[in-house]
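Notes follow once the structure below has been shown.
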Amino acid sequence: MIQLVIGQLLNGAIVGALYGIVALGITLTFGITGIVNFALGAFMMLGAYFTWYGYEMMRLPYPVAVIGAVVLVGLFGLFADRGLFRFTRNNLVNGLLVSIGLISIIEASVLLIWTSTPKDLTYVLPGSLRIGGILLPKIKLAVFAVLLLVIGATYLALTRTWVGRAAFAYSQNPEAAALMGVKTDRLQTVVTVYSTALGGLGGALYASLYSLEPTLGAYYVLKAVESAILAGIGNTIGALVGGIIIGITEGIGSVFLPTAFRDGYGMVFLVLILLFKPSGLLGSK
Amino acid sequence: MTRIIPIVAFASAVVAPLLIRSDSTFAIITFGFLLAALAVSFNLIFGFTGQLSFFHAAAFGVAAYMTAILVSDYGWSFWAAIVPALLAVGLLALAVGAICFRFKLREFYFAVVTMAFSEMIRLVVVNWNSVTNGTLGMTVTAQPTLWLPTGSISLTGARTWYYVALLILVATYIICHRVLASWIGRCFAAIRLNEQLGETLGVNIFMYKLLSFVLGSTLAGLTGCFYGFYTGFIEPQYLSITQSLDIVAMVLLGGVNSLFGPVIGGMLLTALPHAINLTAELRIILYGAILIFVIIVMPSGIFGLFSRPRHAV
Amino acid sequence: MSLCHLGRLLAGAAALTIGLSTAQAQEMVKLGELEAQTGAINTYGWMSSQGTRLAVEEINNAGGFEVAGKKYKFDLQQVDTRGEPREATVQFRKMMEDKVPFVFGPFLSNIFNAVRPIAEQNDGKFLLMGGATSEHDYLGKPGSSYLIRTWNWDAGPDGFGTLMVQYIKKLGAKKVAMLFQNDAFGKVAVDIYKKIFADAGIELSVDMFEPGTKDFTSSLAKIAASKPDYLFPGYTDAILYDIVRQSLEGGYGAKFFIVRGSIGPALKNKDQIDEYIAYVPKYFEQAESTEPAVKKFIESYKSFYKRDFPYDQAPLCSSSCYDHVYMLVEAMKKAGTVTDVAKIREALLGMRYSGLWNIKFDSTGEQVFSFNIVRVKKGGGIEVQSLDPTAK
Amino acid sequence: MLFEARGLTKRFGGLTAVSDVTFDIGEGEIVGIFGPNGSGKTTTLSLIAGMLAPTSGELLWNGQRIVGRRPFEIAGMGIIKTFQNPQLFPELTVLDHMCIASHLGFKRALGMNRVKTLFWPYAGRAVERGAEKKMDEMLALCRLTEVSEEKAAALSYGAEKMLGVAMAMMCDPKLLLLDEPASGLGQEEIVNLETVLRDLRAHGVTLCIIDHKVSFLGRLADRSIALAHGVVIAQGSTRDVLANPDVVEAYLGRKHA
């Protein structure tokens, strides 16, 4: 029993980290551009499909495929930002509507090009490790490591580099930042693109874990939003923590309770936390 | 301008059936009316009180299910069933709203928590098979009868439902209009624009937020009560987040800062998919493109072009 | 605003009717298809739409078909319900107005439930040929003479579900764990198989998950604790791939029992699985080499759609709908009419069609067809057992 | 006594913004509270208006405790606060502001009868007429009549502040708390403000004014309270307080002492 629980704790954390990377994108975009980019789910899906294409069709090594996918998605993010999101800065709902439109466009295009037949990558890293009687798939551990690395790096970048500080300053107080000479528009573009790239990375790694369908993004973006809120929006490490908490709650929840309510378990937790700390678990008052 | 358009529009809607031949056009417009009614009540909470609620679909669905269940499983009369259904929705909204507002959840936080609550409700509906028949949905065969001085007619057939739906829309519209024209509207405006100031002017922010949320959700419930009996079928998807997002889209497309905007948005978004005559994927791509185009070209929605900036009175 | 909007609608409707009247001029037979080509569960609808379209194109390009000395072509109207009842009802109403005599689909149970009331109002004016499992309950019922179910039924003495459960019983299955998506078909499937397994005296445990779930590890771990002989996972390939993989990687079980979905997941994990038993209406990989009809079908699919043939999806729908178009043509020829749906229904129920598959309908209008039970063993060894209830 | 503060104390984490402040305000008085920035003036007002909860101490309104009451309740009792940098409703006109501000009056006049106005607009007509008349008066009093159709955004800083006062007056306050009404105003705007405030007192409103402009308060206030670092350092008739050496020091620093 205890083994079962520990195993699911670990698995929940890994699954949650994948929520976390998208949540990070959500948090950053919201902090800097004031919109919630639901389309990140769609970008994640793109990342997954690009990776599949590079790895299966073009026979590239997986890491190369991943990098390629991330870059491509980043480019799409750039187009989306210059072409669309630029016009909905700091307008939460209009941004929301644009991302809804974007989702239907991206999903339908993928369906048109790659059809509804599910894609499943040749296993990148088959086999599992047995750690104290718990069987953990190697690939999941690898993905987990990469996610932690990227999120950690982002955190450092935000706290150590100039761009990062500028971004942080901006999210705290736009006017002041502008006075400090932060080029608002460029900053917002940079962050939007970075966020979509993060989404793309999430998708690229996702592709090595699960099968691909054009609709896979919707599920993850909702989890990501929950995670971002749970930890307190605007909090880098919080995104990861939030994701992991949701992942674990769902995992443990569906061990002891019906799987049918899986999505509910995370939400109950979310609501409880927000009620006792309206600014989120790690959010500052 | 803003005063005339609604009157003209509703008046023309009354005579329109003379021109309409096709049954499916009736269906599209009827759906349009019902969804527009949802959009209008949603805008009471969102556009006029500034609270982005994702509870609307849940409110709509709960009412739809309750009336359907009471009528088909417990043999209630449709009109009697509406009362407990609306009561239930009202109480649910009261509970959810009270929690959110008491704990001062703002903007996006409020949005996500209401989303969470409506998802939980959906999960209950999906899994409570014995009562809701779960994911298979419920077939509603009963047809409510309406007693008129000229005699009783049963609500069936495209034309009848066209007018029923129109009636619901107009009723919702008028209720919202009256509320917004009253002192309540002024309090909503205060909440939307500057809570702190409103409070120092003696406005009970908590109470009026709650009022807006409960009233809006209950009106959504009203539409829900009829919806199931029009389509003859209800399924849990009616409570899903996507439905709430559709409503948001309608409101934004039509124009947030007017009462009539959402009517336009609702009608257009309902008709749009059927107006596009393309293969499946292209149809959806075009749909998305139109959404984006409209909101970028007219950030304040279609009706935003006609309506002067909102006044508190 | 609302006025000119109305105008637009009317204009649209008008344009449509014009389009049709011109269509009538050249002896067209309308064939509608109501399927979810996009949206969450679109594999079935998308594939079947392709099958239908392929057949129609072939027939029309060959100059159409001849009934009672008159040449006809098909006028195919395919609409995408997106799996949304509201869309579906409107689109279906439109078809009824356009007096479409033959409607293919829907494959989704909730969509059928949504359009059923309208269909019954139009009973006798058209035929609905769909695969949705929820159609079974209305077959042969009064007011449902429009209904023909184009997929074979799981339960019943000849039901493929029953036959398969007997098959694994022979293999010594005592305990089976069902892990299905919680949607319309999922629920139907659970109701059906609870009974079938009970009758077969096999213990069945059921756990359901929200559609969209990707990580099943925790549910699998929970199930594994009760040590079932076979895992009976969901009904779409996307889910099969995930569940099979995660079950193997986590060491939660290596024996699988599938009634809808392909053997793709088994072949992919052939060295990890112990056993993978799947209901495959037609095992195309094999049939391609043995049956010329299948070979021809696969080639024309490739050349028409300019993409490689989706072997593991094809059996689900594409081929079946492809056959049904030809079957319908034959039925019309036999009935000597393209309008009298009652006669055509009679002809359909009366005939035994052998195209890609051997198809016939039982007295209620439910399809019975030849199918295979494919058993994939560790290492990828495949054992195919063909069953042809139509032979009876 | 109209209003009494007893041992009012507010701590934010470590620092004590207001410490054991005790004073009272009589009917019809103009009481000035002054002190250098960060001396706890604004905090004191926020405590009175219920926007902050005191760490300890009592607030009495006509002898009854009001600590713990929510801001809108306190406003309902007739204690209205204006903001140092004016809080307005963006995108609304001056008139709209006045309409919203007439909420309390409307409520007092009609109570639950307001519900009638939902069904029968004319039910509230008389009261509305009264409110409209009052609006005009107040706009005139605050020299806002000619800008009444302007958007709040378009107003001058001075006008914004006066709008704040006008809105406060629509709530017909018994005690009006003004947070630095003169700050950022030009000379003649200040003069104008003074006359307005005098008129208000003539209307029987009790005023409690915060300011660091000694001159302004000196001319206006009957009594004054001097704060420094959250502590009352002097209290009494304005002249005495201004003469008090501690006050002079707190204000002008050592070198002038």
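Per-chain numbering from 1; labels A, B, C and D assigned in written order.
In this section, a contact is a pair of C-beta atoms (placed from the backbone, for glycine too) under 8 Å apart; a residue touches a chain by one contact, two chains touch by 3 or more.
Please read these numbers as outputs of a predicted model, since none were measured by experiment.
Ranking A-B and B-D by contacting C-beta pairs places A-B first. Compared with chain C, the chain whose C-alpha mean position is the greatest distance off is D.
Distance from the chain A centre to the chain B centre is 32 Å, each centre being the mean of its Cα atoms.
Mean C-alpha positions place chain A and chain D at a centre distance of 49 Å. Rounded to whole angstrom units, the spacing between the C-alpha centres of chain B and chain D is 42.
Chain A and chain C, compared by their mean Cα positions, are separated by 35 Å. The residues of chain D never reach two or more other chains; the list is empty.
Across the assembly, chain B contributes residues 123, 126-127, 280-281, 284 that each touch 2 or more other chains. Touching two or more other chains at once are residues 38, 46, 182, 208, 210 of chain C. Taken as a graph of touching chains, this assembly has some other topology, since it is neither a line, a ring, a star nor fully connected. Of all possible chain pairs, those that touch are A-B, A-C, B-C, B-D. Of all residues in chain A, those touching chain C in their complex are 4, 7-8, 11-12, 15, 107-108, 111, 115-118, 120, 127-128, 135, 137, 209-213, 215-216, 218-219, 250-256, 258-260, 262-263. Those residues of chain D that touch chain B in the shared complex are 49, 51, 70-72, 75-76, 80-81, 83, 87-93, 96, 99-101, 103-104, 106-107, 114, 117-119, 121, 124, 167, 170-171. Residues 46, 52, 99, 103-109, 112-113, 116-117, 119-120, 123, 126-127, 241, 245, 248-249, 252-253, 256, 280-282, 284-285, 287-292, 295-296, 299 of chain B touch chain A in their complex. On chain C, the positions that touch chain A within their shared complex are 38-40, 42-43, 46-47, 179, 182, 207-210, 212-215, 217-219, 221-222, 225, 236-239, 241-242, 245-246, 249-251, 264-265, 268, 307, 310, 312-313.
Chain C meets chain B in the complex at residues 1-3, 5-6, 8-10, 12-13, 16-17, 37-38, 46, 49, 78, 80, 82, 84-87, 89-91, 93-94, 96-97, 109-110, 113-114, 116-117, 134, 182-184, 186-188, 208, 210.
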